[in-house]
Amino acid sequence: MRPEDLPQTVEDYRRAAGAALPPATAAWLNGGAGDEITLRRNEAAFDALPLMPRVLRDGGSGDTSLTLLGTRLDHPILVAPMAWQRLLHPDAERALAAGATAQGARMVLSAQATTPLAEARGAGALCDWFQLYWLGREGTLALARRAADAGYAALMLTVDAPVAGQRPREMRAGFALPPDLSPVNLAGLPRPAAGSFEEVMAAAPRWADLEWLCAAAPLPVLAKGILHPGDAARAVAAGAAGVVVSNHGGRVLDGLPASVEALPAVASALAGRAPVLVDGGIRRGTDVLRALALGADAVMVGRPAAWALAVAGALGVAHVLRLLRDELRIAMAIAGCRSPRDIGPSLIFRQNPPEGCLTASSQAK
Amino acid sequence: MRPEDLPQTVEDYRRAAGAALPPATAAWLNGGAGDEITLRRNEAAFDALPLMPRVLRDGGSGDTSLTLLGTRLDHPILVAPMAWQRLLHPDAERALAAGATAQGARMVLSAQATTPLAEARGAGALCDWFQLYWLGREGTLALARRAADAGYAALMLTVDAPVAGQRPREMRAGFALPPDLSPVNLAGLPRPAAGSFEEVMAAAPRWADLEWLCAAAPLPVLAKGILHPGDAARAVAAGAAGVVVSNHGGRVLDGLPASVEALPAVASALAGRAPVLVDGGIRRGTDVLRALALGADAVMVGRPAAWALAVAGALGVAHVLRLLRDELRIAMAIAGCRSPRDIGPSLIFRQNPPEGCLTASSQAK
Amino acid sequence: MRPEDLPQTVEDYRRAAGAALPPATAAWLNGGAGDEITLRRNEAAFDALPLMPRVLRDGGSGDTSLTLLGTRLDHPILVAPMAWQRLLHPDAERALAAGATAQGARMVLSAQATTPLAEARGAGALCDWFQLYWLGREGTLALARRAADAGYAALMLTVDAPVAGQRPREMRAGFALPPDLSPVNLAGLPRPAAGSFEEVMAAAPRWADLEWLCAAAPLPVLAKGILHPGDAARAVAAGAAGVVVSNHGGRVLDGLPASVEALPAVASALAGRAPVLVDGGIRRGTDVLRALALGADAVMVGRPAAWALAVAGALGVAHVLRLLRDELRIAMAIAGCRSPRDIGPSLIFRQNPPEGCLTASSQAK
Amino acid sequence: MRPEDLPQTVEDYRRAAGAALPPATAAWLNGGAGDEITLRRNEAAFDALPLMPRVLRDGGSGDTSLTLLGTRLDHPILVAPMAWQRLLHPDAERALAAGATAQGARMVLSAQATTPLAEARGAGALCDWFQLYWLGREGTLALARRAADAGYAALMLTVDAPVAGQRPREMRAGFALPPDLSPVNLAGLPRPAAGSFEEVMAAAPRWADLEWLCAAAPLPVLAKGILHPGDAARAVAAGAAGVVVSNHGGRVLDGLPASVEALPAVASALAGRAPVLVDGGIRRGTDVLRALALGADAVMVGRPAAWALAVAGALGVAHVLRLLRDELRIAMAIAGCRSPRDIGPSLIFRQNPPEGCLTASSQAK
């Protein structure tokens, strides 16, 4: 696809990906758990947060940079870990890594990536964080060492999915993983616990496990999938280098709050002791701005990058991330924010939205 | 129907039953009183209760069991009493009883069952509670004795329907009870009061009647159809062995609150002095979890079991109950609840949902 | 139309009238001012008021009777004044009067009736109240005397419409009054003020005019069209025998609150010193019950009676009023109200409705 | 178009303009930034503000006049500055000026007008305010002097748009400015800053710039595009002759509050020290009344005038303004407001609207 033929907005990428992918794959990518209330809520919660701009503000020229776990980044938009990217494009995680790096966006490689750790790392210098699931102490540590050996700089432990979610949309569409797809980086490691409720719960990780991992792992560990402020504080006390407020993109348990609804209490509980990231429903530069206003240090975007990957490979990924970064800058300029220091809770206007102003937006999607 | 052809979710059963039943029967089964605001509200109220999960929680392995009026049950999902099940399947209440028992679900036989008490009791060991309407002191006691003689363990007196509801959907669809259908277990007993407003109200049961029945009946009596906390407390003071928070599935008076909206105040008023059950709008394992979080000891499901009965008889009933039980366990696992002891009001996230995130769900149904 | 062919619910009458009337006449009857937000709000406000029923309550047998300005009525449902009923049926106000009287419903004849005062009065004994607009002191008093001479028992002065409303629905449908239609009871009297804003406002009635009329008129005067509690109190202080909380059926100024939203403060301000009536959006027996719970002594229904008149003349009017009365009794029975003494504010359950449960109802209409 | 063929309501003008304009031009005119949430919110916020009318009020005859920056105006409805009116009608800003003046409405000429300052001024005596963007101190002052030389009486500095908004609707429709269209009044002046985020922010005006302009300019300066009360107070402290509460018609940054939502705090912060205007979503006389009730001294309408221009040139503009003025007078009459002195915050009824009463309105548009 030539650059001039690329979709013009993130929403256009969503539509183009829906048209380009096989229906079952699109159902897998776009669907959520249960009746998809949380899936919709992730986006609707941003719609419902109006921004109160300031005008004529003094201060320096525009700046979106930040330091995250010791690394300087141009902007606070990261690519979230996503499984099975080869379903979307033959270049898979390599294209994600290249596109993200081209636009200064850190990428978190999924434990269920279809590309070897080192190969993804080599495809883009900013593909340097790795997400993993609990595989028991031994398995988890072995996987962490693989990531460290491949040059990754941090680990992101997913703590919100002791069992897989049920996603009727993909079930009805007949989605199934192709037999030739496997989590190549997990070869030789134990599989996550399955079986009866009792067995799953007996094998699920506990606070002591997180504490142990933070001490034993060769890299800093962020905890991903936290919504409760008490859990966030406890994770940091256990040694976590940061937390990710997330409901797993609405894919695991339907009925959870939007992640941005849970964000303020988490940010308040941590009070700057460790970085707070958030993902789920971020589709616009204004959503990034809202998340920062409510206490996030950075955000992760998932599906937008996946839509772009499906539509135009690495070029699309770079384009979508550029759109989001540009939208963030435009939003900051109009809202009167010259740098992250100008962004805080007072940027959110507190009033119930009038009925009907949001619904049409949701219906159009 | 072969097991592999069964619908995959409760929602799929709803659709399949709608397609399988004659339109007038479907209107009778799925419709509600008046404009069906309460019918929709029963479901929408669950949608609007987000769950706040906890991660990495310590504790034992997973457990959903409970003791209810002295009986140990594997899980807190009961089958609600429903009239005229022969309209849905030739095996009627026998299939309900067998399917429920197969999945460890207690069943409450309806006073308007189309199957004799003993025959239903024999079809499934967990079909051991019996629901009845007020028929005057003599009639009600006679019916209670029939249930005791047939081996039932408890009675559930419906107190919320002194007159029949008006259901325009079934009226417009031309629904009428077939002439060969009758409440076989009421043979020879007086009919409920009918006639003028004055006559109906004069014959309606009063608190003294409940107190009398609790003392006179050979079995413990639960009061079904209570929404007000003061009424719940008075019922227990009158000797009731438990209460069921219910608006009769939205079938009697339109404009009532959702039963789950009324639940917290009732649970708070009883403070554990007697078990609290709730029915109305429970369609998912997460709905069961929400009800438990808001103070219910157990829940009753009606239409989901009826849809399953219509689609696949006893096998369908067992399947739907299994789906709900599995969904409950998955929800507990992801929410960090290893047993009912971990489930309480703090599991509900208190914030108004953003507009638009729930509507689409309702529209899809 | 034979009785067995009559529509079965008020909603069915609405639909049948929509089909039976010429489109422009239906637009006039069913439309409202402006964008019809108040028109919809009148109905939606009732939908949003859940009823909290009580069970097993002691007390006498059922009773809906009341005394209103000294007259005993079987029930609290009146027929509201409505203009130009000959547009709907050749028997016009005579059919309304006959149908209303047959069901024990007091009727308020409109100043813009197409039937002479005495003729309507003769068609039904309960057609004994008369509504009038301000025509200047001399004109208004002359009209009041005409009503007294024709045997009417009370006057209802409309105070909320100093100018006519703008109703785009009927404008777009090309509605115009037929040339042979005239307000026969106003013959020879001055017309209401028209012309410039300044002229209209100069001629509009003021508090001193109401006080004068209450003293000078040969009959008690109720003030119709009050939403503000201070205005209600002042009207009674000026001598009004009662007030009608009303927004004129949403036909005069769009953007007003629903009348039932304004009711509680008015009832509270009057504290029983004079009867409070309410109209606007009452379509069900449960709506009557809600209005009584919020402080109304009685309600007036307009469009439901008009739909019935259009569909089936006096028989239809009687039928719709019977449906509403029966629905009120059923609602009282199920809500545990044996008489108006059991009906109060605690009958309304205070909680925001979950999103989505009301919308479908509105969309269906 | 003959007068008798004109549309009958503002809404009808909206529809007629949508049919008359090329689709890309209609998308440019009617669209908004991003997902158009703010665009819809501007209108929905008015829908959600119910008016509490008073009856029988004493006082003088009707009056809507006001004094604004020393000029007596018949009514508080102004025409907002709008770019590129030649896209809508060949008579462009001259027709706007003539139509506005014919109905006593002050007009604010846009800096991006397609008509020379003096020519627009000559087409209508009430076209006497001029809107401008920041062009650096030298450029802005030069432009201000051009306006003063052409006989304009005041300047309105837009402070809310340091960068252009992104409007997907017009992008998708392929809208582009025709090459022969240019901002004729800006000839020879520097263009607004463009380029990188850093460059744009470095060139954006600051408080010191506003203070400087207010002192240096030959005309009083109003600040347009303020939503925050602190900014409004600071603007007046900096010498601004008034403020315009505005979100730029939802065209610059999506996600802002409705302007009428931000109005009360701004009016309260200024406490009458300087006039407050508001624009955005005003489509009805009742919207004007609501804005006045919440503290505005006057309102500006944009798109309604543009629709009218597109449909019927100067005649249409005059007609739409007459409709709005008449609607305002009718609304005042029915709400019991004889003059602006009767209009205050107590005119707004404070209660959440019931669900569903507003949605249908939005959907119809």
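Letters A, B, C and D mark the chains in the order given here, with residues in each chain numbered from 1 onward.
Following the convention adopted for this analysis, contacts are C-beta pairs under 8 Å (C-beta built on N, C-alpha and C of every residue); 3 or more make two chains touch, one makes a residue touch a chain.
Since we're looking at a predicted model, the values are computed, not measured.
Asker: Suppose you hop from chain A to any chain it touches, then on again the same way; how many hops at least until you reach chain C?
Answerer: The distance in steps between these two chains is 2.
Asker: Moving only from a chain to one it touches, give the least number of moves from chain B to chain C.
Answerer: 1
Asker: Look at both sides of the chain C and chain D contact and report whether the same residue positions are involved, with over half shared, or different ones.
Answerer: Interface between chain C and chain D is built from largely different residues.
Asker: Which chain lies the greatest distance away from chain C when centres are computed from Cα atoms alone?
Answerer: A
Asker: Could you put a whole-Å number on the gap between the CA centroids of chain B and chain D?
Answerer: Result: the chain centres lie 57 Å from each other.
Asker: For chain A and chain D, let me know how many angstrom lie between their CA-based centres, rounded off.
Answerer: 40
Asker: Two-or-more-chain contact residues of chain A, please, as numbers and ranges.
Answerer: Only 47, 352-353, 355, 358-359, 361 qualify.
Asker: Flag every residue of chain D that touches chain A in the complex, lowest number first.
Answerer: Within the complex, chain D contacts chain A at residues 34-38, 40-41, 43-45, 47-48, 159-163, 165-166, 168, 171-172, 196-202, 204-210, 223, 225-228, 230-231, 234-235, 252-258, 261-262, 352-353, 355, 358-359, 361-363.
Asker: Residues of chain B touching chain A in their complex?
Answerer: 8-9, 11-12, 47, 49-58, 60-64, 284, 286, 290, 327, 329-335, 338, 349, 351-361, 364
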